[in-house]
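Both of the next two complexes hold subunit A, though its partner changes from subunit B to subunit C.
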Partner chain A sequence: MAVKAAKRTERVPQVYWRDIGGRMLLTNDFGSYAVMTEAEFRRYMKTGAPPSPAFRDKLGASGFLRERLDMEALAAGWRRRNAFLFAGPGLHILVMTLRCNQGCLYCQSGAVRSPGPGTDMSWETARRCVDLAFASPAPAITIEFQGGEPLLNWGVLKKTVDYARSLEKKKGKPLSLALISNFTLMDEKKAEFLLSRECSICTSLDGPADLHDRNRPFSGASSHAAVVRWLKYFKRRSDRQGPGYRIFKPGALLTVSRDSLGRGREIVDEYAGLGLEDIFLRPLAPIGYAKRAWPKIGYSAEEFSRFYAGTLDHIIALNARGTRIKEKTASMFLEKILAGRDPGFMDARCPCGAGVGQLAYDPRGQVYTCDEGRMMGWEGDDMFRIGDVRGLDYGRIASAPASRACCASSNLEQQPMCSRCAYRPYCGVCPVYNFEAQRSLWGHMPSNGRCAVFMGIFDAIFRALASPKKAKILAGWTAE
Partner chain B sequence: MSRPRSGSVIDKVPFIVKLAEHPLDNVRYAAYALSGVARVALALKGRGSVEVTFSPAPGGKLDAAALKKAFKRELQDEALRARVFALNAGLREHLILRAMAAAAAKPAPPPEPGLTPEQERELEALIASVEKEIKQESAAGGRAAATWEERYGRKSGKKN
Partner chain C sequence: MKKETTLVVDDAIYSEEALKLAAYVFEDRFRTALRRRGARTEVRFSGEGAGDAPGEFLNEALNQQCRLDLMKKNSKVANIIVTRMLLSASGGNQKSGGKK
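And then the complex of A and B:
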């Protein structure tokens, strides 16, 4: 959008802008946004005044009129949106085992098939990981059990859950527990144990049986069948609840592979049919094993953006007809855009969550900035390793070269394109992705696939927000 | 900004930009924004101008007319951005410092108490009981924590 700089631009406060299909989107550091026609935008940028009386109150309240800036309210809003800067690592990912009984086409986690040295986390290591997690300055923490397939190390997992719950009581620090499993080893006893400890349960579901089973082969059986069986079980338990403890709704994660493109409606209908209220349209990242398999399973950012926009439209249409289902990426961004709150989305923070918002612990007790960094470590590059859990405290974690490098390179102020982008108040970059895809922690955003994917997602969200009917549905996706 | 020297689809597209019209930083930002579609090199031409040369990525070609339009638009956008940024830098810094100072002024949470000897004993007892339970499960033949291969052996043929 070309508008010549005029002297009266002096009345325009700090804003960022972008053409979203013929309309101009304006955002500011406080996370507010406004949509204008090109003519309105031109007038606003020339005079700093609202382009029409109808805009006056909205622009004034959201920090777009320089003469009406409410400093105290804007500073408080900025603080609320960036509260994570003052908290410390709240998410602690424990990789209980590198072993897995599935052979997913896109596996990023570096799973191995058989036990060997360092493949399973020992109880001694797990205990130290939990101790370090509880020593975090964060006012509340989440411990997430991952793999491989974490149920393959059930004995240690079980003990770790009980130990973490007992520390929660002793230390008075609120704890959330989460398990990510493929459900193939789930049974009633394990399920009961996890539910009674208020552990939230999440699995992977890539869509209808043929698509899921092709992406996630499981020797001799349908991995889809196991997922559906246990999703129904946990949903039933959650719907009924009971005395004694809360039972969370089960969640599922979708990884979009090349085979998913063109099947967005079917995938969403599968989720809705199972009564799931969230679907997370996650793009593949060329990290770990997926990097080598990219020619077979990958796709361009433009292809993903088309898939995302079409699927989001279908989800919104389902909501309009009374089915309650949210797209997770959109709902997390809407939390920032509409509610001015941080949804805890580590991938879209400035700086990113690496080391300052989250830590990942591998089975040997090596601590990484994040799970993506841990995957790179398993592939042989320890660039994102912070240290050994046996010798770390939060001073060392914060000052570790890996943590500092991630903070510096994911600071959007220092990214030439991000610092001027309209999506900057809601977005974040990933140094691990940048390094894997472009061999630079800073990356090169004009040709960065992740940046293009995020742009596509934001474009789809803001185009939907420009429609009053769709905006009303999207507003319902923020946390109640 | 002068015209590119060649025709519509060519190998290199050079532009000469007068620094009196567009400061070097603006030219850099505008060129960087287009560096996803082409390689770009900047070279000062005397004191008053800079030559911006776009060349295609390996195997690619450039559309000179489209590139010229895009570069001109980026330069104009950048001029506006630079002006807005410069005018608001102080105000922006003030607001963010104000927000951060208020957050820093909040009282720090009290240090977490360590475990008392009694609590340590309770934890040890808990761990011992869980360990006992796991042993009992294992003795009862529980084989939940086994891979497909551990249970049924490695498959030698193709996948089903």
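And then the complex of A and C:
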């Protein structure tokens, strides 16, 4: 456990530390890190001087030597890494429909089978959601279409895409569009429309066919086949590009269920075989429906950490052999650790993005702090609801109890364990998770599953960074 | 079956606020009644989940107490961060002439 510098170590500026398997990791508020042997660490903490001449420049430039603190440069770096503090909600998640044609074992989004009152977003509501998104103080916005399966509400989705692009021109605010679909309803016409509007496309891929189809059953047919077919299509289109508009590489999201745990290599090989350059090893969260299904599909943080570390090693090994594929959580954290930039990762910020970095809009036009909060609302607890899109502005959004409570409770400066954690400069807590898992927005970190998962992820990343060969590969995962 | 358990805690270690916050966290699991007894507080748990209550309650009370103690040290910087974030989210940067 890292402890803030006490009086006896006052020669050392405030640092945090953690044993990462026999070596000591040091971090500081400026987001810098250093790795030392235990003997070097003891010498540094005792004297405040670099433990060897080789460390002098690195420690000096990164805020670890009191006599060489360049506060102006360090503060500029801090501000760059925390740039989100100076922007408003940039991510706007529109849940186009609660309906879905798949019955995923872990579905966290509260999907329903048939249409009913409030299951589909009307055009009128969608238009108001886009208007509110464009009124955001954020300098650029992303509108993400989600569900259920958003293609089940294609007519409204199509109109919304065109309306958003027209507002982008009118208001001069840069817009990114993203669609998350299971591809079972995709066809050439829809694909062409989305590509021509520069909408990035993402799907779910849980690994090889047997695993994917078990996790994501689709009325007798293979959901994996649809995913693979359309991933290849979008990849082909992206590789070729074409005149008139940019075509983004397709993306895929992996949800790690209990059945995935022993199959990390196969899953990565499936992604690499499809030419995907990113894989997002996302742990399940006991939120919404997944909370009820947890005894069947869940696992411990330790089990996930082992899976993550082994799978990350395999991904790094593939890169060493020439295959380009990045693990998305790692690449987002590396953006902070190595490049000192904010990757826009809402789940790992201080404070978290709920209400202040992102908003989620349900089909009825109810606005929530985030999609996780929206799922809780669907399950019957509206604790994270901000209000109705028809009566909101950003003053009301920021002053809503849900936004303020999330902002205050996810501030790591006030979390007993987090405030002293070596991973604090890069991490973030989730009030919705805390509330669902521990009935408190603040959570209780010593027994918090998400904290243990993030610790495992950071341990794996920093252990890899301690190896020069692996560090070189990981450095290539940050944005150009 | 209705159960009842009692715990006595030292006020020098746990503040009234920490105990109240911990009681609130578990309000859906068991009922908690707090009563001052000199320099101590008696905590009485009742209801279905009262059997396991003392251990979980003390963990949460400790968590809340650590957080409150930390707030005394860090509240200034913590408030600056939260205020900055809420101001940005409200569009306050723009209203004040865009000065950042």
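What we mean here is this: the second predicted complex is superposed on the first by the 472 of 480 C-alpha atoms of A that agree within 3 Å, B and C clash if a C-alpha of one lies under 4 Å from a C-alpha of the other, contacts with A are read in each partner's own complex, and residues count from 1 in each chain.
By our rule, a contact is a pair of C-beta atoms (placed from the backbone, for glycine too) under 8 Å apart; a residue touches a chain by one contact, two chains touch by 3 or more.
These figures come from a predicted structure and were not determined experimentally.
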*Counting only touches as set out at the top, which of subunit B and subunit C does A:S440 meet: first, second, both, neither?*
second
_Partner chain(s) touched by A:C350 [first = subunit B, second = subunit C, both, neither]_ = second
_Between subunit B and subunit C, whom does A:G155 touch in the aligned arrangement: first, second, both, or neither?_
first
*Quick one: classify A:G88 as touching subunit B (first), subunit C (second), both or neither.*
second
*Identify the partner contact of A:P416: answer first if only subunit B is touched, second if only subunit C is, both if each is, neither if none is.*
both
*asked:* Applying the document's definition of touch, where does A:M383 land relative to subunit B and subunit C: first, second, both, or neither?
replied: neither
*Using the superposition on chain A described above, determine whether A:G395 touches subunit B (first), subunit C (second), both, or neither.*
second
*Does subunit A have more residues touched by subunit B or by subunit C?*
B
_Is A:A339 touching anything from subunit B or subunit C once the two structures are fitted on A? First, second, both or neither._
neither
_subunit A residues contacted in one complex by subunit B, in the other by subunit C_ = 85-86, 137, 416, 444-447
*Residue ranges of subunit B in contact with subunit A within the complex*: 28-29, 32-37, 72-73, 76-77, 79-85, 87-88, 91-92, 94-96, 98-100, 102-104, 106, 109, 112-113, 115, 119, 122-123, 126-127, 130-131, 134, 137-138, 144-150, 152, 155, 159-160
_Touching residues (chain side subunit C, partner subunit A) in the complex_ = 25-26, 28-29, 59-60, 63-64, 66-67, 69-71, 74-75, 77-78, 81-82, 84-94, 100
*Would you tell me which residues of subunit A are touching subunit B in their complex?*
1-5, 9-10, 12-15, 29, 45, 69, 71, 74-76, 78-79, 82-83, 85-86, 99-101, 113-115, 134-135, 137, 139, 151-155, 158-159, 162-163, 166-167, 170-173, 185, 187, 190, 217-220, 416-417, 420, 444-447
*Could you pull out which subunit A residues touch subunit C in their complex?*
84-89, 136-137, 350-351, 355-357, 394-395, 397-399, 403-404, 407-408, 411, 413-416, 419, 438-440, 442, 444-447
